[in-house]
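Take a look at these structures.
Both of the next two complexes hold chain A, though its partner changes from chain B to chain C.
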Partner chain A sequence: MLKRVLRSNEFVVLLIIIALSLVVGSINPTFFTIASLFDLIRASNVYIILAFALLPVVILGGVDISFVAISAVASYGTHMLLITRGYEGGLFLYFVIGCLIGALAGMLNGFIITKFDLQIFDVSLATQTMWYGFTLFFIGATSNFDMPDGVVGYYSSFITQVSNETTGVTGLHVSIIYVIVIGIFLWWFLKYTMIGRGIYAIGGDKDVAERTGFNIKKITMVVFIIMGVLSGFAGIVQSALSRNFNPTLFIGQNLDVLASVILGGAAIKGGRGTVIGTVLGVILTQIIRRALVLTHIPSEWQKFVVGIILIIFTVIPALNEKRRKNQGRTTDLVEAMEEA
Partner chain B sequence: MRKRLLTILSIFVIAALFTACSPAANEPAADEPVADEPAADETYTFGTVVKSIAFNWFLRLEEGVLDYAEDSGNEAFMQGPSQADSAAQVQIIESLIAQGVDGICNVPYGVPENEPAQKKAMEAGIYVVTHEASTASEGTVNYDVEPFDNCAYGEEIMIELASRMGEEGQYVQFVGSLTNATHNIWTDCALAYQQENYPNMELIGKFESKEDQEVAYNTFKDILDTYPDLKGVQGSAAGDVVAAGRAIEEAGLNDKIAVVGTSITSYAGELLQTGAVDLAMGWDPALSGYACNVVLEMLMNGVEIVDGMDLGVPGYENITLTVGENGAPVIFGSAWIKIDADNMLDYDF
Partner chain C sequence: MKKIFGKNPQSLGRIKFDRHTLLLLIIFVVVMAFFSVVNSDKGFISGRSLTSMGLQLSEIGILAIAMMVTSLVGGINLSIVAVANLGSVISGYFLFLNYPPEVAVGTTATFTNIKMPDDPSTWVLVISLVIPLVIGILSGILNGYLVGYVGVPPILATLATMSVFTGLSAGITGGRTITGFPEQFSVVANETVVGIPIPFILFIFLTAITFVILNHTTLGFKMRMVGTNDTASEFSGINNKAVIMKTYIMSGVLASIAGLIIMSRTMSAAYEYGSTTYVLLTILIGVLAGIQSGFGNVLNIFVSMLILQALSTGFQMLLQTVRGSTFFKDFSWGVLLIIIFVINYLVRQKKTGVKKSSGQ
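== the complex of A and B ==
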């Protein structure tokens, strides 16, 4: 059991996170402050929820790039709907409407994919363009900075806060609660429900899954509804944090989210991926991004350095995998016997 | 049966959507007076064409065009496609040529894509003045009008930033992207000016906001952690100062760090009021639209445009006449505007 944990992808990523943190922290000790940790969490939360939205799709064996556009149409659409009607309440109604729009948009992807038996990527390429276009043309083309009274101040709703004379006040933002709740739900769903197991089965081998009796259409549909709901949710959280609703929210960031999910150990071919790995993947990406400022690396170098780090970090889990394979079946067998 | 009905219905919906999407035909108004031989007291007709009418920015530009019409007694109006699209814009220019307007003020979406149509207008005896097109090729415009020289604008930002920092201390610069030519001219000229005039100031670095406020916000928080003595921020994309201002306000550092950069009231208004953003700079598209029409009128009247001339428009009192990189004559004003908490409502766009 312990051996399995030690060899898992999640553990490798965790080790990398620790190693990287030690390096960054030794160059710039501010990295080890509570304030810095809170900032890291705040910056990661929205992207973890977005990565959760994408995770089931990746496990299913597909790559979707339209979830960012669904975030935009759901959050911006909800906001314009409410603000033009003089809504002054809190975020709850935003979440209800936004998740509903997200679910419908996700269903459209699922419907086209299952109805015409198309590739997930191809369909998402089309729906991404369509939803951004729809938002810009039918809803509005400029960022809206009007906030209902109930949403003002959300950006600094902290569970607990710390203050420092030079860098001011920062805190543990409430959005971490969403991450925990959604994370636990998704973990339970993927691990303990028939549909959840079916997602892994389809990602592993579609034909076998079908013969085993999994309802592929239904499962695909559920995966995309989850994607839509969580994308809409993430869009609203992000907009409330940045105090403006933007029709091109998250544009161009879909591949960053995908990279985090893959870094977290999900297989791009499908069949593998975990909630905890995804969380670690996002945190790792965020630390890499922050490390560059904290270690005084000039911006001009950032892209290059990020690219190099990504190469190294994608190769390490692959090497690990290869080593496991080279060791042959016997270890697996021994392990299985040990567990039995 | 139900399925078939559904299919037919969805086809109708999609068809309806497409019809709704297609850019509203910009029919030329048929009753437009056609200019014949100019008489001394005859009024002129100038058409202004913009990238798209779907942006607040160009609706603001239209205010300037209409102000010009009212002040001058000439007829001036603005048209543009509903979506930013060079092909649709060219169509509008061609319909203006057919109408026989006296002059066209064009704000091209794609500069090269618009050049043939501009040339055609000039060949038809119509004066063409462009805006936001200093890279136009020789012979495709009579003049290009720009609110300012980008380098001078960058220096002006530095003067404002330095005065708010007491001319000393560390500052950072933000650009939308490291490949955005305009943003980099602003920051590089600001830096050069600082090195020459404010030796006690020190640039920490130039950071990329990727035109995304969240990226700028998170980067700026890390900058705050890493450089606790930071005293100033120069922003380039409209959201840069907003993002820095948000982080500064949330941290309660409004009085400690000066924030100056390009932005507009609809973006930075709230933070200008709280003092988290100290000064938003930029240019007023209304003045650009006004000046563009004034140049057309001068061309019609045969007034020679020279360096140092006063166009009678705020910010264009002492113009610089140069030649753009592709040979088009370019008129620079010094029409930057400075928006702070007191005058922000005058620039409500």
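== the complex of A and C ==
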């Protein structure tokens, strides 16, 4: 059991996070302050929820790029709907309507994919273009900075606060509660429900899963409803945090989120991926970003460094896979026998 | 026919107007007819409008071919736009080293613009045009190595190299837009030959070359085989790795040619030009053109590009008084793609009569 934990992908990512933190912290001690930690958590939260939205799709064996557009249409659509009617309440109604729009948009993806027997990636291309175009043309093309009274203070609604003479007052933002609740739900769903196991089965081998009796259409549909709901939710949290609702929210960031999910150990070909790994993948991405700032690498070179890190992270698993294939998978067999 | 085209006519030899090409052509005619009626007073089918359409669609069209060749071997190349920009940036840097702007004595010039003399050396100009092509080849070697030899999934490998190439451009330019490219370069994007913009001629030319490579050479045949079934192709003696490498080099060179057109049109170079929107657009064109791993016709890319441009220009003319009219094209492209999915599905069902299982 312990051996399995130590060998797991998540553990490796955790080690890298710790090592990287130590290096950055020794160069710039501000990295090790509570304020810095809270800030890291706040910046990560939205992207963790977005990564949660994408995770089931990746496990299913597909790549979706439309979830960012669903975030945009759900959050911006909800906001314009409510603000033009003089709504002054809190975020709760935002979440209800936003998640509903997200669920419907996700269902559209799922419906087209299952009904017309198409690739997830191809359909998501169409819907991502369509939803951004729809939002910009039919709802509005400019960012809206009007906030209902109930949402105004959301930016600084902290669970606990710390104050620091250099950074001022910061705190642990309430959005971490969402991450924990959604994370636990998704973990339970993927691990202990029949549909959750079906997602892994389809990702591993679709034909086998179908013959085993999994309802592929139903499972695909559920995956996309989850994706839609979580995307809409993340869009609203992000907009409320940044205090403006934007029709091109998250545009161009779909591939970054995908990279985080992959860094967290999910297999791009499907069948593998965990909630913990995804959380660690996003945190790793955020730490790398911070590390580049704190170690004073010029900002214009940061993307280059991120690219090099990405190459390393994609080459290592590929080489491992190659070695396993060359050995005829005997290592897997030996491992399985040892554990048995 | 068989004698004219290739030795093995059964193997993808002849020009085949497959069902999808026909569908796209019908859609193109319908779209053009629709807009020439509703936009008749605004001159949709006028020389000026057609010229501007031909200019606009060419750079994305060439990028779409760069994307298509990798799709054909079962891959994807997210780095094409980054390669296009990197080529212009390095080329600009070379010109800057030769012709730096004047600065106060004792300071070094920063890389923001190029000060071209009245009589630049022809060699410098020629080399600065060759540099992007070399960058294209190098990028292809890196991508091909990662995908073919190391075995990184193409979407991840090219996502990483996209970041590396964009990062290199950003680092070299310091995030600035570089201006002051030689006047001689602007000829490409701004001149026409008998009313046809030069970029559009280039697009036709590259479509033709790609068509010949894909349909009348062994490399093209091997690319299709690798895309159809890489295990089978490996066992039939095809060097998959080399084929993948060559494909990505081809993709890189095509991308850098698109970069040259962009440089010529904007007379500048920037690391962020087009960014991910262009990349996703080229994939969308590929899907619209019905390109699949191992199957696909470059002529479909050409027609798809014409349709998208017609929709874009047409809706812009039609809705020019409406707020945010430029965004309607995105919506229409997405809807069009879904319509094509549905039509293809219906045709396929009618043909086979068998209901296939769902899938991804």
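Basically, the second predicted complex is superposed on the first by the 314 of 340 C-alpha atoms of A that agree within 3 Å, B and C clash if a C-alpha of one lies under 4 Å from a C-alpha of the other, contacts with A are read in each partner's own complex, and residues count from 1 in each chain.
The criterion applied here is as follows: contacts are C-beta pairs under 8 Å (C-beta built on N, C-alpha and C of every residue); 3 or more make two chains touch, one makes a residue touch a chain.
If you're wondering where the values come from, they're calculated on a predicted model, not measured in any experiment.
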Chain touching more of chain A, residue-wise (chain B, chain C): C
Partner chain in contact with A:Ile262 - chain B first, chain C second, else both or neither: second
Touching partner for A:Ile236 - first (chain B), second (chain C), both, neither: neither
Touched partner set for A:Ile101, first chain B, second chain C, both or neither: neither
Contacts of A:Ala141 with chain B and chain C, given as first, second, both or neither: both
Partner chain(s) touched by A:Glu300 [first = chain B, second = chain C, both, neither]: both
Residues on chain A lying within both footprints (that of chain B and that of chain C): 137, 141, 252, 298-300, 302
Complex interface listing, chain A residues touching chain C: 60-63, 65, 112-120, 122-123, 125-134, 136-138, 140-141, 206, 210, 216-217, 220, 251-252, 254-255, 258-259, 262, 268-269, 298-308, 310-311, 313-315, 318-319, 321-322
Complex contacts: residues of chain C adjacent to chain A: 78, 146, 150-153, 155-157, 159-168, 170-171, 173-175, 275-277, 280-281, 283-284, 287, 323-325, 327-335, 337-338, 341-342, 344-345, 356-360
Residues on chain B engaged by chain A in the complex (per definition of touch): 21, 54-56, 83, 178, 205-208, 210, 213-214, 217-219, 221-226, 228-229, 239, 242-243, 246, 248, 250-253, 266-267, 269-270
Of all residues in chain A, those that touch chain B in their complex: 28, 30-31, 33, 35-36, 39, 43, 46, 137, 141-143, 145, 155-156, 163, 166-170, 238, 241-244, 246, 252, 289-290, 293-294, 296, 298-300, 302
